[in-house]
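Two complexes are shown next, each including subunit A; its partner changes from subunit B in the first to subunit C in the second.
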Partner chain A sequence: MSSRCLDMTLCAALLLALPLAGCEREMRRFDTPPKATDRAGPQGAALRPGPFASAPGGPDAQARSMSQVPRQPPPGYEENAFAVAQGKRWYRWFNCNGCHANGGGGMGPALIDATWRYGRQPGDIAETILQGRPNGMPSFAGRLNEEQLWQLTAYVRSMSGQLRADVAPSRSDALSAGEPESRRETQRPGRR
Partner chain B sequence: MEKKKAVVLTVRYRPPRSLAPRHRRRATGLLVASCIVGAAFGQALPEGQWHAPAGDPANTRYSPLQQIDRHNVAGLRLAFRFPTDTRTGLEAAPLVVGSTMVIVTPYPNHLYALDLSTPTATLKWRYSPSPAPASQGVACCDAVNRGVAFDQGRLFFNTLDNQTVAVDLETGRELWRTRLGDIRRGETMTMAPLVAKGKVLVGNSGGEMGVRGWLTALDAADGHIVWRAYSTGPDADVRIGPDFKPFYGQDRGRDLGVSSWPPDAWKTGGGNVWGFVSYDPKLDLVYYGTANPGPWNPEQRPGDNRWTAGLFARRPDTGDAVWFYQFSPHDLHDYDGVNENVLVDLPWQGTPRRLLLHPDRNGYLYVIDRASGEVLAADPYGGAVTTSTGVDLKTGKLLYNPRTEPRLGKAVRDICPASPGAKDWQPSAWSPRTQRLYIPRQNLCQDATTYAASYIAGTPYVGADVKIRAGAGGHRGAVTAWDPLQRRAAWQVTEDLPVWSGALVTAGDVVFYGTMDGEFKALDATDGRLLWRFRTDSGIVGQPIAYRGPDGRQYIAVLAGVGGWAGKIVSLGLDGRDPTAALGFANAMKDLPSRTRPGGMLYVFALP
Partner chain C sequence: MNGLHDVLLSGGVQADRVIDLWRLLLWVCSGVFGLVLVGLAWALWRAPSVRNGSRPLHPDGPARARLLHWRIALATLVSTLLLVGLTAASIATGRALAGLSLDGALHVEVTAHQWWWELRYEDDPPGALFSTANELHVPVGRPVLLRLRSDDVIHSLWVPSLGGKRDLVPGHEVTFTFRADRPGVYLGRCAEFCGLQHAAMSLQVVAHAPAEFDAWIARQREPARAPTTAQRERGRTVFSGASCAMCHSITGTDAGGRRAPDLTHVASRRTIAAGALPMGEESLAHWITDPQSVKPGTNMPPTVLTAEDLQALVAYLGSLQ
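Let's turn to the complex of A and B:
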């Protein structure tokens, strides 16, 4: 076998392999619907309403645990594409999208716009997730570990363009989810 | 003290169509006289008043008043206004009892009483039940309230955080309140109660949160729970017993509310009761629809999912089910069965029959024998239906179109009608004069994908991404005058935006409704011609009513305040750049924020 022929075979193989690799990169593996006995995601007791409502423990307990939320995430979340992509998974896994849709809002407010009722810093958002807020945001305390909390926080911030474009997700498995997070202009808050 | 009040307002109403015009006039005379002297008058009709959101227990929304008619309605002028101090969707109907008008607002569910005997309708009292603020976060479709019911001197309404409250009409004093549900499970209450035989019938919302639906009867006197009938689960919970005789074979069997679900899925299966309840005193049956099964993703709940997306007939005394019909077995597209059931008596193919008209979200207008539950007709009334090919009148079964059946990972396109249906909650009006049903509705289609939803109590349980858009023709709404005997539309008026307000029809042959950009309109009931319009400060999603004031003049009243599922892009300030916002409705309403603004105002009109 001549080396030229070998080259040609290699080239052909490469040409075949390239689009296949492309397919693999783009392929979506959807979760199969869970059986009723084997439901995906966390479940259990009802979530608590946000603070100042009739939450167990009262305002004092809430204030104590609020003070435990660090104001800044540890390094490795807001600058890390994997962490943000994981946050995007939790966003759907914990039904955040049920209320906030793919950022435009629904039962809860929009997350892709420039309005933050309770602040746009990572600590503000983590606090909202952990403690809940009085007008309907439930408390997810005890449902996420700290890593998941900061991943989710980073993703929520990416939705309004607060993170670097090369860190924010660039694709979505949702139907017509609008502009990818990585291409969103940074929204500047009107207040706070 | 309570007794005295009851005396003043011991009034009963029957559907006005049961009276000949001559008798109607006499009853009116009696009514006006009795209002003036404040005396009791037993069985006389409170004609010209409006004691329930639908006007009467048959849910006709027909006013026998004819001072304002199709010839003079063009001269209608604003009589007075009243601000509600709210900025979310005002879906309720005002009530008029004696010389008092009562309105209920969305969260925080203020109840206002206005004194109609003063020229500017001064505030008589205000009652504020202070529902939990967190309840706003579990209300799927804006923090709305669809109205108040009146009986024997008492007003009854529901708070968003699941309390039914009774308030004294004269004083605004709270008589009782009963907690019926739990917002921590995603439960809310938005519907308007109906009072039948001293029982206040109320139901819950939460079909997007995996909340198990129910209808509950409370004793009007003290608020204690008399019975509760669930929409899913074992027969005992559903109050299915020996009297249950559904017309079709598929609805007969033991514990179908369990066996038509995967194990335990009925516990989070929806079937909520958030629409209007009707009552037929002759048959002694109440009628109401059950909402969509949860989650929306149908692959998570194989089976027919009884008793969701259907219609129950029950005894008001015991709650016992008498018959059931399922509009959308194993619902695929969030087609709740809660739309209004309008009770009419008509000659059907030559034979007088007691009928029920039900324009369903699935696109068909059902004509049902309300004694037996037999479906006599089911015709598309709101544009092309792509999700099914029809209803088999022999078996009563909806014939699904496999093309639009959701499958995991598949984008299903051109689903018509969209999830809000050919029409949603916005109630239609029936005129016994024209024998037509005036249907406010949508013209929407959608694309959708489904995914596996996790159940976390108190959070949404949907599992679908939806993108809604205008249907064929490009308009998003219409008012259709449906002739149930001819089984076709007599006329139709298209509207650019979905018509999310209720309809009213009067003996003056005028149809009233509002648009989401704030135009209150009057159409000629005979041909749909536009006769009059008035621009309000916010989009209209409320239910117009007609009444005779203490001064003997006829008035038309409507609440204007945009919101609800269709309007929450404005009332809650959602971001239309995400087409899936508001469960996909935002995509169809991107232009609404530039066409109207949030508001809350009562508008009352009269001839000069």
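Let's turn to the complex of A and C:
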């Protein structure tokens, strides 16, 4: 009798603990951004030739030169459903679908297949977004802030099934054909 | 002058009707409630006392029972008549609200977003079309036809001083008509829970005298003012070079984003962020650098700028009258 009681208690404890596993999945962060002057780096130094040197694109654009794109996103993007959903919003808002359509490609290459010309790691994709690529991909440096960049990167990766299924979007706001991002098979280079 | 959200403050003929109906309901229901209370008190007062046993609990003979039946029948009849009367009054009010003449109506397309209102003034020729946000300006005495749409989730437009409530459902366009008859600022709110900042999604309806309205609309149709100082010029460069131009538009510049409020005449508005902050350079700077502290969850991203760039940007935006 007492062993059965123990089993029941254990079961209940497990069931109670189960939701904890999903705790951070939907977590939203409303951080205060760092001030431009707080930033380490050369943009605060006397390297600027004139008052307008930093204006096009703002200092944000300068702060992210080629060498400064981190290879890995900070935590809280690739494993956060809210961040990926925001990325999906930016994908539409910033007209990525104008060239890449819903990921199947159009004027621009497809994003849901197993071909990555410039790499499939978050850093590669962020670099592509920030710096642009030959034959049409424009640079978005200075047009996105850090947070938006990693949200968009995470979403682009979810399109080819690179993220966990419980993080990738499972439903679109608008009518859409085909499998949602969360149901897509993980694409790997070299496999067709 | 931020306007009031007051169900008993009428700014137009339709709200007058709604308030009349509300008064009728209030008086009839208060009267009935009073009568019921009086009846209850009377029954308690003449209730047979059990303690001294002087009167039996059920003294009714057949004559008394008949009298009681008549009273019940009378009360039922009066209640029915009152309820039918109120229903008729309600239907008459609904018909009057829907029967507003739309001759020469002003057409405005209202799109609800999380969490602000987009207003597009349609007119002939199509070139005269312009877009503004969170402030609906209307002329007094002229009917207004709103075409309501939602961009994301279900919202509801409620300006009690000008008429009823109407839901905005994604993919389903509905119309809403009203006429403002007294100049003033009337506050509207989203009346359907739509997410984190549902409570901070207000719409100000500004009713002008016709001549004043014509002047307002003529100014809104003009492109944005060109910067007149070096600082504002720099502000414009910052605006079109930073992330602002990804979502916002300023007519007459490169910025043509259509996802966030049109800023062509932003400084002519009373508030920013759908009523969250009063218009002013300080508010603008706060909103640009740290929007999440004002409206947590908003899609406006924080923008990191140097102090000079921020000053220039705010000075430029502040000049867009």
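The rule we apply is simple: the second predicted complex is superposed on the first by the 123 of 192 C-alpha atoms of A that agree within 3 Å, B and C clash if a C-alpha of one lies under 4 Å from a C-alpha of the other, contacts with A are read in each partner's own complex, and residues count from 1 in each chain.
By definition in this document, contacts are C-beta pairs under 8 Å (C-beta built on N, C-alpha and C of every residue); 3 or more make two chains touch, one makes a residue touch a chain.
Owing to the predicted nature of the structure, the values given are computational and were not obtained by experimental measurement.
Engineer: One more residue to check, A:135. First (subunit B), second (subunit C), both or neither?
Structural biologist: first
Engineer: Examine A:147 and indicate which partner it touches, taking first as subunit B and second as subunit C; both and neither are also allowed.
Structural biologist: second
Engineer: Looking at A:93 after the superposition, I want to know if it touches subunit B, subunit C, both of them or none. Which is it: first, second, both, neither?
Structural biologist: In the superposed model, A:93 contacts both subunit B and subunit C.
Engineer: Looking at A:179, would you say it contacts subunit B, subunit C, both, or neither? Reply first, second, both or neither.
Structural biologist: first
Engineer: When the two structures are overlaid on chain A, which partner does A:103 contact: first (subunit B), second (subunit C), both, or neither?
Structural biologist: first
Engineer: Under the stated touch criterion, name the partner, subunit B or subunit C, that contacts more residues in subunit A.
Structural biologist: B
Engineer: Go through subunit A and flag every residue that touches subunit B in one model and subunit C in the other.
Structural biologist: 28, 30-37, 39, 52, 54, 93-94, 143, 173
Engineer: Which residues of subunit B touch subunit A in their complex?
Structural biologist: Checking each residue of subunit B against subunit A gives 132-140, 182-185, 208, 261-265, 297, 299-301, 408-409, 411, 447-449, 451-462, 465-467, 568, 572-583, 586-587.
Engineer: Help me check something: in the complex, which residues belonging to subunit C touch subunit A?
Structural biologist: 152, 234, 237-238, 241-243, 245-247, 257, 259, 289-290, 292-293, 296-297, 299, 301-309
Engineer: Can you list the subunit A residues touching subunit C in their complex?
Structural biologist: Residues of subunit A touching subunit C: 28, 30-37, 39, 51-52, 54-61, 86, 89, 93-94, 142-145, 147-148, 173.
Engineer: Which residues of subunit A touch subunit B in the complex?
Structural biologist: 28, 30-37, 39-50, 52-54, 92-95, 98-99, 101-110, 112-113, 115, 132, 134-138, 143, 173-179
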